[in-house]
Amino acid sequence: MNTGSRLERLEKGLRDIGLEPVKAPGVLRVDAQPESLVPAARLAVEHGYDHLASVEGIDWPSEGVIEVIYHAESYDEDLRGTLLEIRVKVPRDEPRLPSLIEVWPNALFLERETWDLMGVVFEGHPELRRLLMPPDWDGPPPLRKDFKVKTEGVFVNVE
Amino acid sequence: MGLVSSLVRLVLSPQFFGPIVFPGLVTVLAVLLSIIWVERKIAARVQMRVGPLYILRPLGGAIQMLADGLRFFFQEFIVPETVDRVPFLLAPVVAMSFAMLPFAFVPLAPNFKPYTVPYSMPAFLGLNTVIPLTVLAMAWGSNNKFSIQGGIREAYMTIAYEAVLFISAYSMALLYHTLDFAEMVEAQKVPGILLNPISALVFFIAMIMSAGKLPFDIVEGEQEIVAGPFTEYSGIAFGLTMGIGYVQLYGFTLAFTLMYLSGWEPLVAPLYSIYPALGGILLFVKAYLLLVFIVFLRAVYGRYRLDQALRIGWRTLFPLAIVSVFLSIALGVIGVV
Amino acid sequence: MSSSVMEARLLEKEGDEEVYEVFIGPQHPASGHMRLIVRLEGDVIVGVDPDIGWVHRTMEKLAESKEALKAIPLLERMTIIDSQNVTIGYVRALEKLLGVEPPPRARYLRTLLSEINRIASHLYGMGLAGIFVNHSTMFMWCFGDREVWIQLAEELTGARLTHSYSVPGGVRRDLPQGFKEKALKAIRYMEKRLDEYHRIFFDNPQVRARYEGVGVLKPHEARRLGVVGPNLRASGVRYDARLLGDYGVYDELEFEIPVREEGDAMSRLLLRGDEIRQSMNIIRQVLDKIPEGPILAEKYLRLIPPKLREPALKEGRIKFPGIFANLKLPKGEAVARAEMGHGEIFYHVTSDGSKKPYRVRVVTPSFRNVILFRYLPPGHRFMDLPAIYGSLDYFPPEADR
Amino acid sequence: MFRGKVRRHVEAIATGLKYLVKPNRITVYYPEEAIVLSERYRGMIHYDWDKCISCGLCAMICPADAMKMYRKKGEKKARPGINYQRCIFCGYCVDICPTNALSFTRVHDVAFEKLDEMLYPPEKFTSEWRSPAEERGARRLRVVFDEERGLKHVPEQ
C-alpha cells in the first residue's frame, strides 16, 4: 500500500473503484458516474486533495448532457503540480448530482454558484439560494447554451 | 442714547460676555468653523494631499466650513416616518444647548467670572454629562438598528470615561484646595501638569473619549454602524450632531488649560487693562493649540474596539486616576501648593 | 477538525429570535459592492452571510461569446487593480491550446509587470485594511504610494490600470528607455516607506490591538477551505502558484515565499508587506537578467509585414498580425493557474475548434476566500468584523465576476 | 511590554509630526496644471483618412464593439468609426491596423456634454484631439521618479 508516490496510490485507488484515470499535463483526469462521484472524491481527500479549486458546468446541448467538472487541488509539495479533474455527465433536462459539501467543505459556494448559473441541482446541499444572480431571477440559467448573448455585426449602414 | 449704552453695558457684563461672546457661543462657532478646517488640513498634510482648497484659495480654503455649514442649512432635513419624532427632533437641540452651557462656568481672567459660584469645576463637568443622555435619546428616537448599536456604545463609553474624568479632575481640586477654576489658576505657581502629570494624562485621554475623537470615535464607528446614533439625521440636524463633539472638546481643552496649564497666566496685562475678558486670550491660545494637537491625532490613530476602550478606561485609567488622587494628597500634605 | 464541526460553523442558523440582524451593505461605508448579513447576540457575532453578486457581469458567459483574444480586456475588469495577474492565467491557457510559447524576453516582461501589479494590489489591500479601522493615514499613504507603481506600469504598457499587456505568444510593449533607473528609484523609495508604514501603522499599538489575535485561521482549516493567497500563507501553508513554474520566469529567479505562522489578521497584513519586499527583489533581478530578443513568438511575428514590423519594433512595440482578429482555437482544453495579489486564480478553457472558446471557467481568489466571511467572524465582537474584512483583502468585483 | 507600547505610541505620533512638518504631497492642481502623459500612453484615438485601406480589422478585433465599419449607401468602401461610450482604450485596433492609419494621442481628459457627442463616425473620427486643460493654459508637468518623494511633478521646459 505504501509504495509509490501519493499520486500513484491515488491512481491505483481510483482504478480499484472502477474508474479510468488519464494523465494529461498538470491534470489527472477521471470520468466518473454520478454514483461513483462521492467515493472518488473521498478517495481524493484521503490522498491529499483536500479542497476544490473549481466546480464547473459545461452545457453540451448536442449530446443533451451537462458535464460537471470538479478540479481538486492540494497545497502539498508533491501534489500541487497536478490537479485532479473529476468529470461527471448528467442529463440536461434533469441535472442532479450528490453534493460534495461533506467531502470538500469549500464546495459550499462553488456548488451554489454552479446551481445558480448552470442549473445543476446538488442534492444535499444545504442552501441552494441565488448567489450571483438576482434573488428574483427566473429565466434560464445564464451559462446554458440556450441563453444567448446578443452580438453585433461589424458593419453599420448609414445613408 | 441710554438704550445704546445699556446695551453695551449688557454685552460687556461678564454674565453676558462669557457665555455668548467669548469664550461662549460666538467664539464656539468660530472655533467650530476653524478647527474642522484645521483638522482637515492637518490630516491632508500628513496624508500626501492638500485638503480643502478652492473656497478662498489665497488662505488655503479657510472658509470651507462656512460653505459646508451654509449647505447644511439649505439641505433638506428629512424626518423619516418611522422615527419617534419628539426625541428625534429635540435631542440634537438639547445636546447642543448643554454643550454650550458649561462655558458659563469658565473664568477668563482674574475677577472675570460669568457665573459666580464656588463650584465651577464640578458644575462644568456635570453639565457635560447630560450630552450622552441626549445621544441615547437620538439613538432611541431614530429607530434604526445602526443607531441603537451606536447608542449602546455611547452608554458603554460613558461608563469608561466618566468616572476617571471626574476622579482626575477632583484630584486636582484636592491639590489646589478648591473646586473653583479661577482659584485653581491662582493656586498654580507651577503648571498643574508638572505637579500631577498622571492626573493630566488621565484627564486628557478621558476627554478625548468623552468627545468621541480618534482613537475613540467608537460611537460613530463609520465602518460598522455608518454614523451610529446620527445615522438618520440630515441637513442642519446632522450639522448639529457633528458639531457637538467639537464643542465639547473645546470646552474640555479650556478646562484642561485652567487646571493643568495655569490658565491665563502669565496675564497679558495691557489687554487685561483694556477689558478684563481680553486677558483670557492666552487661555484661549493654549486651549486652541491643545485642540489642534487632539485633532492631529486623527492622522496617527485608527479606532480602538469598544471592549478595548472599556479596558483602557477601567484597567489603566481608573487605577491611574486613583494614584493621581494619592499623589495630590501627598503633595498637599508636603505643602507644595 | 471533523468536517461536521466545520460545517456547523459554516451554515446558517434560522429562526432564532435572540439574534439581532444587521445588514451591512450594499450601501454602507465599509461593505464594498456586497452585503453582509450579520447576526449578533449582544455584541458577539453568531453568523455572517456574505450576500455577493451585486456587481455580477456574467464574465464567463461574455467570454464565450467573443473571439478568444477579446476576452483579455474583458477578464481584466474582474480585478482592475491587478490586471496583468488576472489575465495571465487566461493567456497561458490560450497559449497551451494554441501550442505557442512566449520568447524569454516576453516571459521576463510578464514577470516584471506581474510583480509591479502585485505591489500595487497589496498596497491597495493594505490601504483598505487601514481605513477599516478608520486609520485614514494608512489608507492615503498606500493609495498615494500605489501611484508610483501605477506610473511605472503606465510607462511600460501605456495604460494606468487596464494594461491588456499579455497576448498569446508574448507581450505588446518592450521595455522603454530609462525604465530600469526609474524602477530602481521606485524600489528604493518604497523600501523607505515600508519602514514608515511600520512606525505609523503596523507597530502602532492601536492597530496591533485591533488586528492581533483576531480572525485566527489554523493551517488545516485554511487547507480544507481552499483559502488562497496571502491569507493562506499567513496561516503557515507555503503555497504559491508561482512555485508551479507554469508562467513567467519564477523558476529562474531567487526569491522567497513569505510564510507566517500566526494566522491572525495582523499576520495577514504583515505578510503583504513581506511580499512587497519580495516582489521588489524579483523586479531587481528581472531588470538585471532580462535577455535581449523578440517579445512575440516567432510564429506570429513573421505574419506581420516587415514594412510594418520593423518601425514598430524600433519603437519598442509590436503590431498584431491580422490573424489575431480571428484566432482559431484548436479543439481541446487547457488549465492554467496563476498567482494574483489576492491569491491563486484558476482558468479552465474548453474549445470546440471554433474562434470563440466554448467555455471559460474562472475561479477568482476572492471567490474562494468568500467562505472566510462565513468561517472567521462567528465568536468575534461586532467591531472585529471590519478588521477581519480588511485583513482578507477581499475584492467584490473579482468574486462576482 | 508597557514601555515598548509607550515607545511605539511616541514613534507613531513622531512619524505623524514629521510628515506634518515636511509633507510629501503628490497632488497635481488640475486643471491649472496637467501631467504630460508618458510616451506610449493609450489615449483618444486618431484616424488618418488617407492611410486607411478599409480592411475592417480594427472593427473585427474591437473587444467592446466600439469600433464599427460605417458603410455609406452606394459606396463600396466602409470606413471605421468609433463610439467612445463603449471604448475601453485597450488599443487593439491601433495595434492591428496594417497601415498605421489609427494612432494613439496622449490626450485622455476630454469631457462630453451629450451622449451623442461621443459617437465618432469616420468623418468626425479624423478630428484632432486637444487636452481641454492645456487649451485653458494649464502648466505642463512632467512626472519624475524620486527616491525621497516617490513621484515629483516638475514643470516641463
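Per-chain numbering from 1; labels A, B, C and D assigned in written order.
Note that a residue touches a chain if its C-beta (ideal position, glycine included) is under 8 Å from a C-beta of that chain, and two chains touch if they have at least 3 such contacts.
From a predicted model like this one, the values you see are computed outputs, not experimental measurements.
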Q: Would you pick out the chains that touch subunit A and also touch subunit C?
A: D
Q: Using mean Cα positions as chain centres, tell me which chain lies farthest from subunit D.
A: B
**Q.** Distance from the mean Cα position of subunit D to that of subunit B, given in whole angstrom
**A.** 48
**Q.** CA centroid of subunit A to CA centroid of subunit D, Å
**A.** 42
Q.
From the mean C-alpha coordinate of subunit A to that of subunit B, what's the distance rounded to whole Å?
A. 62
Q. How big is the gap, in whole Å, between where the Cα atoms of subunit B centre and where those of subunit C centre?
A. 46
Q | Shared-contact residues (touching 2 or more other chains) in subunit D | A | 12, 15-16, 24, 26, 60
Q: Any chance you could list the residues of subunit C touching two or more other chains?
A: 137, 144, 200, 204, 206
Q) Counting only residues that touch at least 2 other chains, which ones in subunit B make the list? A) 46-49, 299-301
Q. If you go through all the chains, which pairs of them touch?
A. A-C, A-D, B-C, B-D, C-D
Q) Which positions of subunit C touch subunit A when the two form their complex? A) 3-4, 6-7, 10-12, 52-53, 56, 58, 60-62, 65, 96, 223-226, 232, 237-239, 243-244, 246, 335, 337, 344, 346, 348, 350, 358-359, 361, 363, 367-368, 370-371, 374, 400-401
Q | Sites on subunit D touched by subunit C in the complex | A | 5, 8-9, 11-12, 14-16, 24, 26, 37-42, 55, 57, 60-64, 88-92, 95-100, 104, 143, 145-151
Q: Sort out for me which residues of subunit B touch subunit D in the complex.
A: 42, 45-50, 296-297, 299-301
Q: Please give the residue numbers of subunit C that touch subunit B in the complex, ascending.
A: 20-24, 28-30, 43, 130-138, 140-141, 144, 200, 204, 206-207, 209-210, 381-386
**Q.** subunit C to subunit D touching residues, read off their complex
**A.** 66-67, 69-74, 137, 144-145, 147-148, 151, 154-155, 157-159, 162, 164, 172-173, 176, 181-182, 185-186, 188-189, 192-193, 196, 199-200, 203-206, 305, 308, 316-320, 322, 324-326
